[in-house]
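Okay, so chain A shows up in both of these, paired with chain B first and chain C after.
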Partner chain A sequence: MTQTQTSELETRLLTLAAHRFGKSVASLQPSDDVFEKLGIDSMQAMELLTEIEGAFGVEIPDYELQGVTTFAGIAALVRRRLG
Partner chain B sequence: MESVEPSHSAAPRDARVYEMLDATRYTSVGAMLRDALVQFKTHLAFTELDRKRVVHRLTYLDVLRAVERLARRFEDAGIGAGDRVAIVMTNQARWPIAATAAFFRGAIVVPIDYKLTPAERQSLLGHAKPKALVTEYPLFAPHAEGALSAIPLVLVSEVPANARLGHAQPWGALDGSDSDGGEAAPLEAPTFVPRALDDVATIVYSSGTGGQPKGCLLPHRAYLAQYSALTSLFPLVVGDRYFSILPTNHAIDFMCGFLGPLCGGATVVHQRTLRPEFLLSTMKSQRITHMSVVPLILTAFERSIREKLDALPGWQRAAVDRLMKVNERLTEKRPNRLLSRALLRPIHDAFGGELRMLFCGGAFVEQERAEWFHRLGLPVAIGYGLTEASTVATVNDLRPFRGDSVGRAVSGVELRIVGADASGVGEVQLRGPTLMLGYLDDEEQTRAAFTDDGWLRTGDLGHLDASHHLHLVGRSKNMIVTRGGKNVYPEDLEGAFGSVACEELAVFAEGYLWQTRGELVGERLVVVARLKSGADAREQARFRDALLTANQRLADYKRVHALLFTDESFPRTASMKIKREVLAAGVRERHTTADVLALSEPSETLR
Partner chain C sequence: MTTVFTGETLTLAHVGSTLEVTLHRSVPGAACNEIGEQSLVELERVAAYLREGAGGARALLFSSSVPRGFCAGADLRALYYGLVAKRDAGDSPEVAVRAFIDRIHAVFDTFDAVPITTIAAVHGVVFGGGFELALTCDVIVADKTARFCFPELRLGLVPGFGGIPRLARDVGNGVVRDLLFTGRSLNAQRAHALGLVSQLVAQGEAPFVARKVAEQAARFDPETSAAAKAFAKPLPTEWLAREKDTFCRLFTSPVVEAALRKFVTSTDARPYLP
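Take a look at the complex of A and B:
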């Protein structure tokens, strides 16, 4: 997978998150901590993930999310599912 | 000092109650569970969903067979009376099945929090020294090869094809259908091992992922007494459907999502994901009647309802507000589910329409939130408990609903307030059959946990009102409980900051430093640090950055939130341990909360 595709996926993901929680896309970076940057709790983070799954047409089991805190980390999980 | 006798009334004369087993007839949890599995055999014990798909349904008879098969395996591996069987699993039917099989063999169940990191789990396993470990592949896989080799029998469920298990073995299908070579020998019944009331049933870790694990030794007596007390207030019987979402390793779900429903013939529903959307869809599709939640989940539910209400046109919204007030007045004395449902049907339907009760633990439920749910006709029974006292010490019986208190002592629990100040606030202490015997292999901490006359020191501060309802106002222990229901001990964090350069540092719960009253939610952890004398702003900034970096490496619910610089050197004992109480008193004297610098916003999590 090329670098361009990678950043496209991340951009889509950041756009989704920004839209849901009323932030500007420009204020979010892939390396940001999802909880801190969006100021959300873990339940809201899970709601975001469900939305991401819907947008990308993948399913990520909850246990894979253990220890994942950044947008880049979530993007990696999505990418792995997309193959 | 004020002492209160158990004040909840006896079981209501409700026909439903008679179907439940009478815990006073048993001397062990295993014997009661065995009778329940036989008595309710045609009823549905477990329904398991993965998102919106139902993946399993097990009757009590299916469960009995699966328990016997596993108990036989334990027996063949030489596991018997007093041996320890650890369980590291997410919420699913296999959790209670494994525990029941261990109880059949007279073994001690050691529930381990599956949300801990592999290293943390390993450290608790090292402390508990189990003879068997039952786990699932996604939790097993991250352990380094050979890391679990000290445990003779390791059983793993959900093993993918070609996975390497080392010395571990697959648990296999619950009905034995995938036994080696398809030659499933007829099941040889396991030998049931009886236990006495004072024998240890479980070892439950209440904290201590750092230096000092605290494994509470809970006897069979504690669970049987607690079962009687809780089911006399809130019976769980055939036809009830309990939604088990708090980790089963935690005391609340162990009682309310395992022993309680199974011994009454109720159905336990498991959902493989904890996302709010799927929790709500399962509540609806499975017509859930009871569930236990932590404040964080209440918040998520409230958000979801408010979003729906906000989307209504103004006149409809005003109508709902009026109906909420009507409902509140009509259910003043006790909940009336059918009435509330009729008044507020769309809201109730979002939760499946059958919800009788939400149990919510602790001092940490915001009163306003509980009252809001009550106005909707969704009763939230707020309780208070700690692992050292099995599950529940006090609970609201909803007759009437109260959001301002954690309720009265449940039957069998004696409660007193010690060292009360002028306003009646002192330490909450407990006595009765539900208390632990002590901490595993730790006489020192056990001694510290009890008074000389055998009362458990909870470390929580509170007072009793005229109707014997307990009000918690703070704590005398240096500890916080997150909204997700996790205990965080600041002492455990100091090791994590060992590499951050400074003269000395200590971590405190803000409410311990300043003993703020009534602000138990969203509390901050504060690092008190002393830099070398004369350190300037640049050095302070450098320290702060290093601290932030170390902080980021911690599980998010353990992160500290604030920083306080102090010039005084820390008072220490002869063995150089920090005298925390003295240090805290000094900080209190010289500083106010205004001197505390925020590090970042607290982020709470269930993980």
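Take a look at the complex of A and C:
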């Protein structure tokens, strides 16, 4: 059950990121490095954070993103905030 | 539209009864209207124009034509290389930074207290000095992409352009401490919920909505509006003075030079961020 919820959340996250930065959803995997795969810089990462917060209705402090490199890692942060 | 002047970093123009400042710094290395010496010179021209009567304008509107956002704050590269140059020349970095801070405070205090309604229309990055510029305004209109942040503690500093006293004037001190002590950024929706942002609008719509605010404010008697502003929005003068002292004292710390060097020399997409 937890795995299913996680996958759904990750899928939503990958779809959001793909649309935001003009990638195909199929080209993104949860284990991918966000910066490398999307080819974004720190300011664009802020844009992505804003979109994620808006889409999921959560607030993620920037410092929690330190050391988080993958979509799966971000999904875990979102899940924690969703309760 | 009647242009007063077009500088390297901003344009000042009359649009109807509103005076509009559009930030557009686009020199190499400046991603989002970073405030350096040239920006300050041009902001001083705006402040002088306001002190001379603002050409009869009834409202002042700040916005940015840079896609990434309103303003990313102080030009850290200029700050770092200026610091190094002063030190290498045997001059006091504290004296130089004090002069810069005094000038920017004079400008921001003018924006804050000018007896016409002031509006910041913001989007994207509203960080550090950019956040502090927005906080001088009476009303902040933000589109949903805006993010607000005081990252200064990451550099061993406190905000130096009057941001903390002005933010504390507008919202609870708990919010101030959270933003200041963690350096985290705040999205527009949250900023709206906190009362920092007066109006939250769709992406790209902040300038349009801000012009409507300006037009509405201009319908009222100017002396009444000025009197209302004078008592509703006093300058936190004593706190601003203490902020300047704290900033200038901290600026000479080796922690600041090391943090600035790390930031300036980083080529990583994930820059140094404690």
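Assume the second predicted complex is superposed on the first by the 82 of 83 C-alpha atoms of A that agree within 3 Å, B and C clash if a C-alpha of one lies under 4 Å from a C-alpha of the other, contacts with A are read in each partner's own complex, and residues count from 1 in each chain.
One rule holds in what follows: a residue touches a chain if its C-beta (ideal position, glycine included) is under 8 Å from a C-beta of that chain, and two chains touch if they have at least 3 such contacts.
What you are looking at is a predicted structure, and each value in this text was computed from that prediction instead of being measured.
Once the complexes are laid over each other on chain A, chain B and chain C cannot both fit and instead clash. When both complexes are overlaid on chain A, the residue A:Phe35 reaches chain B and chain C alike.
Number of chain A residues touched is higher for B, counting chain B against chain C.
By the touch criterion defined above, A:Ala26 reaches neither chain B nor chain C. Judged by the touch definition given at the top, the superposed model places A:Gln66 against both chain B and chain C.
Common to the chain B-facing and chain C-facing surfaces of chain A are residues 35, 41-43, 45-47, 49-50, 59, 61-63, 66. For chain B in complex with chain A, the residues that touch the partner chain are 51, 90, 115, 117, 138-139, 272-278, 296-297, 299-300, 303, 483-484, 552, 556, 600-601, 603-607. Of all residues in chain A, only 33, 35-36, 39, 41-47, 49-50, 59, 61-67, 69 touch chain B in the complex they form. Against chain C, in their complex, chain A makes its touches with residues 35, 40-43, 45-47, 49-50, 53-54, 59, 61-63, 66. In the complex of the two chains, the chain C residues touching chain A come out as 31-32, 68-69, 72, 124-125, 144-145, 147, 149, 182-185, 187-190, 269-271, 273.
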